[in-house]
């Protein structure tokens, strides 16, 4: 019992260290791998941009900005240091395709859409999926329910963006219930009015559905397994003997324990979900970070690509950190003990 | 009790599906002219045989192209036959490398412990949370021309930590088992304990990791290809989808253009998914509800 | 000069304790010393409650954990300084039987795998036939047949599994077997059988045992010597009959009094008054038993009492300030 | 007038439990009663059906286990015939359970007070949480735990403390019968004594009856008033504890007593080849016959029935029934 305070401090330190490490690793991989590839990709890239320069007015200025940003003449370790420093300060430079806009401004425009879509879809999928899984793994669930539910999981093996294409075809192209693309109708520009909100929700339903439906099954499966394990535990048998109401048994003894590994699992899969949503945004032309990233790729806008991905890596690491720090609130063994 | 306990309906169904897909890739070129997967080898925009064209700008279906053709004049059946094995191959390469590296690191971390173990564990935990697809997008946007193999290698970069985690956790729990101590008392070396005592018991977990990883890597590869970042000269299912999206196939009602590659991928994913959960049930007998526990 | 078969000197072992894990170090062994005699073969019991360090001691002897300080000496040779060859030889001489006979079998293999492993690594047999004969002989000694080797571990009963473990140890013909709670997971009728096999091996095959147990009554039945362990130190030791017959340490007495006697006429009388479950993990400079001692008197001096003979030349030793003043 | 003898708390009649479709029942037509204020020990080796019987009484048997015959009468009411809802309302108030001294008998994410309060709240209308606290303190004090334990989580307690929390929880509603299923099996010997005495103390103070499941004859001698011995799913002997230890009628009982080692005199250990027949092995006669030193030809063919062999003493053995 004397180890309590020590252990939660150690937990905090561990999580913060992981947070820093994740960001550093992600940024470093992005820096190193293109440079390790055969040939000189940066030089090739600059040449490619130069050849297209005729179209752009301030091409010289832009290439120069690009060169300065990466300090291509400097030794590698200096380039690396500057790159890390700039990324961590959100000093992302100018976009080449949207010059003279700063990458920072583009991020600011795309971020809210991605944040909203992703967080709502992830939370929804986690909650709905876990509840379904809990019901599937609960011995006292009606038999019919346990047979019907797996049918809801048949979308699990489909990637979100492929379901997105399907949804567009059926609900936007075929039935015309929802719009094809975008995040809101142009006649209702962003503002504090109901028209805009309705329009945004109307546009968001299909992309969100694509993410929720395809990831839900993962949570359901994990939860089902944990619930089966939990329902065989001794404390569950004792709780049954105590004559608790089934609802209390299910939530406070079953779900409350089974959800713990799910939260760990959530922290681990945020990165994957974020990656998948990039493709969903691309399919739906949804003006978030993912779509901007795609724009960067199409336009050879390397500043934009670098900036977007740095922000995405830091953002995902932050989300993971938040989930990790919330975990001790659910598990007293971490909060107060020495697990 | 005549059926071995590891035989499982999901496992059988999944394996059948995957076997079918592999056979299609292997035998397809013998029964169908795969040169039709090249641009401009066929009439444009034909719907699959037996379906009427979505509108008047389309030609009627032809028996010569039973699954239709797309806007660049590729035969869809030929595209599927040539693309499917390529997509499977990328996934398998990445998963194979990932599983080998992951198992080695996981076993080492779990069995050796110490600072090496901690390093391996921390690194794999960190890499797992990095949005790998995003990093891969950046990398492949720098490295424009890429072969199937290098794509597999690139994906393998992020394919090992999951396995490492699983193997590490399992090794930790197995390491304390009596039989590991017994093997040590019988004079077995650490290496031989890892290979002959631990590895056989990890097989179901590794198999589940492998199939899940093949699936995940095909998804990642397809995602990159859909963004136009894959190998541009080799036909893959992801490239077909990418062409379809860019060719506005959805708005033109050409469902076969994107639908067939997606259907094929879903078939592969479903097969692998069934195998994975089947193997999971083999590895965790507790999921096999019916056996119950006699008190 | 002749050495005891096994000698443990001032063994100290702590677990855990790093900022990364956030745990304080836990002391498992705090200067524990004892020896096991090999001529003639003997059964030496180490008894104590969970957390007393007895399992750590077993692991240290088997080379599974390294001590922070102190020595494990086998026939005078320090385990820590053994080279590869000596260590391999040590493995042959010191075998083990564990508490959970089921876990000792790799579920992937048939029961015979354990025997094959030992034969292969220790090169115990020159020919296939010799190997077969030796295994059959070892199994015969514990009342099993070679047909059982072909079975999977889960097809054997708990008693069969544990006997097979004993047979495996016999096959290697060691000088010492570390028996870590070998009967705590088997039923009463099988318990007797396994203890009986241990006695026979001592007498007929000159194999000594380090019998680790929490159960004083089985120790009383078979052990020649006993060491009572409390929080990583030996508090009382000597010939079993003497230590358990006339216990000098209050802890030993409490242990004995807590054994439920199978006799309704001799029921427990007064309940224990001391709080047995207050956890003290901080190292103390006092007698480790002080906080629980029902007899701790004002008169007890501070400091840690050393293990000393109860009378001149006696092999019965006790670590208690009051041992000489009472009775 | 009701004497304790003719008005037992619990009467188990012809209880039969099977697992799946195994030919031999795990519990085979067992009859016994628990009298008011007594501790009945139910003893046997692992797998003899004692825990299965206890779980059947509590209606906690999990599939594929199921009760195939018999009645469990609590104050004359058949518990097995009740509806689920009805039984749930009744259960902890009439029969409670002290589980095996395993690590995880308590919910790891709930404080001790909440787990005790759960038991109370499920059966009493307790809208406000206030008045429960003194009651929980009182229950903890009953098992010798300080009131600060109330606010702790299970992982912060030692094994013995956890087990005493379980005892406090078991008597929260003052049930007439407490079933203790190997309550001390995972504990150290000194802590075992503390917990065992706490059980005895509670029983003496509250006057409840207890069904004590165990395998340790020593513990039975210390705690039980009467013992019932089970072997391979059958009851083989039931009698007051003093009688059984003085002159056991069934050879198996004798063997159980003799194989319990003691300090005091070294005696040759009772060695017996082989174990009990496995679940599903059908035996025509007495299941103990293969291990029995007194087995007669008759024993192999004809299963002995429980028969009166003294005042308040029954045994199922052909050999001891001989004149």
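Some notes on this structure:
A, B, C and D label the chains in the order they appear, each numbered from 1.
Basically, a residue touches a chain if its C-beta (ideal position, glycine included) is under 8 Å from a C-beta of that chain, and two chains touch if they have at least 3 such contacts.
What you see is a predicted model; the values in this text were computed from it and never measured.
Counting steps between touching chains, the shortest path from subunit A to subunit D takes 1. Taking B-C and C-D together, the chain pair joined by more C-beta contacts is C-D.
Centroids built from CA atoms put subunit C at 54 Å from subunit A.
Spacing of subunit B relative to subunit D, judged by their CA centroids, is 54 angstrom.
With centres defined as mean CA coordinates, subunit D is found 32 Å away from subunit C. Looking at subunit A, residues 1 sit in touch with two or more other chains. Counting partner chains per residue, subunit C shows two or more touched chains at residues 20, 279. Shared interface positions of subunit B, i.e. residues touching 2 or more other chains, are given as 293. Put simply, subunit A touches subunit D in their complex at residues 1, 139, 233-235, 237-245, 248, 252-253, 256-257, 260, 330-333, 336-337, 339. Across the complex, subunit D meets subunit C through its residues 45-46, 158, 160-161, 188-194, 196-197, 201, 215-223, 241-242, 245, 255-257, 259-263, 266, 269-273, 275, 278, 291.
By the touch rule above, subunit C contacts subunit D in their complex via residues 49-50, 143, 157-159, 187-193, 195-196, 214-218, 220-221, 241, 244-245, 254-265, 267-268, 271-272, 276-277, 279. By the touch criterion given at the top, residues 17-18, 21-22, 25-26, 29-30, 33-34, 37, 41-42, 45, 154, 156-159, 161-162, 165-166, 168-169, 173, 180, 221, 225, 228-229, 232, 267-268, 270-272, 274-276, 278-279, 282-283, 293-294, 296-298, 302, 305-306, 309, 312-313, 316-317, 320 of subunit A touch subunit B in their complex. Those residues of subunit B that touch subunit C in the shared complex are 118, 177-179, 181-188, 197, 200-201.
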